[in-house]
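Handing you this structure, nothing more for now.
So that you can tell them apart, the chains are marked A, B, C, D, E and F in the order they are listed, and the count of residues begins at 1 in each.
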Amino acid sequence: MFPSKKVQNLVGSKIQVEMKGEKCVLEGLLMSADDYLNLHLTNTTEVVDGQKSRVLGSVVLRGNNIILLNPVND
Amino acid sequence: MFPSKKVQNLVGSKIQVEMKGEKCVLEGLLMSADDYLNLHLTNTTEVVDGQKSRVLGSVVLRGNNIILLNPVND
Amino acid sequence: MFPSKKVQNLVGSKIQVEMKGEKCVLEGLLMSADDYLNLHLTNTTEVVDGQKSRVLGSVVLRGNNIILLNPVND
Amino acid sequence: MFPSKKVQNLVGSKIQVEMKGEKCVLEGLLMSADDYLNLHLTNTTEVVDGQKSRVLGSVVLRGNNIILLNPVND
Amino acid sequence: MFPSKKVQNLVGSKIQVEMKGEKCVLEGLLMSADDYLNLHLTNTTEVVDGQKSRVLGSVVLRGNNIILLNPVND
Amino acid sequence: MFPSKKVQNLVGSKIQVEMKGEKCVLEGLLMSADDYLNLHLTNTTEVVDGQKSRVLGSVVLRGNNIILLNPVND
């Protein structure tokens, strides 16, 4: 399964995303993703050292600035 | 709804944009956006620690340098 | 009007450009721009803290390293 | 053998990946890779100074943020 | 004249190039350039604070990591 | 000769590569290169201040994170 297909399979799930130039990790519900890995998340929060620090709500992330993403198991 | 469509839906709304290599966040009225997430904003201001710091007016943002963007509710 | 069209409309005008990895802002006369936002400026100067610091003359800027650009009103 | 073919040949093997903006190296089992070098790894761990520091499990890495990757011989 | 055409016109001339992640500027004779602004320079030297610091000879520069380039008048 | 052709001509030769986000330079035997300047090197070592510091062996480098490369004369 190709990486972008793996991401498509995570739509509807909670994911963590590490962005370039961010010290924190973003956590949110993956609403959609395209082939460039641009992502739409809802219920997004910043997580610093394992603590939720800032509520961002609905955000769009630019794919080329994603370092890595992985599913979160609550 | 794909991420770029989500951004198109924000045209006419006030958004916040976090750029790579910027410590501040930009806030402005989204006039247009293309598939690369290049954005045209008007009434743009820099926001540092929640305070408006500098008025930029009409700006064009290069999509690949956008970390994230989200709608602002006044 | 799409962002790249907005930039085309600035050809012949004085603009400010914030580049990635630059602490200063560049100011110059926009001679041409392509779809990638590669720019050709003339009479370019670096501006640090609102002061002109270094004269660069004719420069080509790589579009993907542009953070933002805006028109300058003298 | 082209670089992307070299990466395809590593599918099923354990690899190390150095990412932009990461101080650590990621180590995991390469499940899939596409032409952009987007990668899907499982059993991924962060390695800091040769020590495993954090378990990430299943992750997707954005290809353009990969500095280098190489096979790991256990 | 489009920016990439402007660069083509500099083939055979001495140019200065500011690269991302470099503190110095590179100076060399432009041998060739493609549409991505990948450059081949010969007689390349690093210039730090206006002083030649290191001789690099024949180098290839990746276009997307170029911040700006301009012609040098000896 | 275009920059990518120049790189093709270096296949089979020892090269030095400066990567983004790396303090060291990589030195290795160029096995292959594609149009994006993705590279496959063997016998790769990190070179810090002119000293070989770490043996990496066979590595794949992502082209967009290459700052510059040049041939090494032993």
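By definition in this document, a residue touches a chain if its C-beta (ideal position, glycine included) is under 8 Å from a C-beta of that chain, and two chains touch if they have at least 3 such contacts.
It should be emphasised that the depicted structure is a prediction, and the values quoted were computed from it without experimental measurement.
Participant: Where subunit A and subunit D touch, do the two copies share over half of their residue numbers, giving same, or under half, giving different?
Facilitator: Counting which numbers both chains contribute, under half are shared, so the two copies meet through different residues.
Participant: With centres defined as the mean C-alpha position, give me the subunit A-subunit B separation in Å.
Facilitator: 19
Participant: Could you give the separation in Å between the centres of subunit C and subunit D, each centre being the mean of its C-alpha atoms?
Facilitator: Roughly 38 Å, centre to centre.
Participant: Return the residues of subunit E touching two or more other chains; collapse runs of consecutive numbers into ranges.
Facilitator: 20-21, 64-65
Participant: With chains as vertices joined when they touch, what's the shape: line, ring, star, complete or other?
Facilitator: Per interface graph, the chains form a ring.
Participant: What's the ring order, kicking off at subunit C and moving to subunit E?
Facilitator: Order around the closed ring, subunit C first, subunit E second: C, E, F, D, A, B.
Participant: Tell me, which parts of subunit D touch subunit A in their complex?
Facilitator: 19-22, 26, 31-34, 38-40, 44, 56-62, 64-65
Participant: With touch defined as at the start, can you tell me which subunit E residues reach subunit C in the complex?
Facilitator: 1-4, 6-7, 20-21, 37, 63-71
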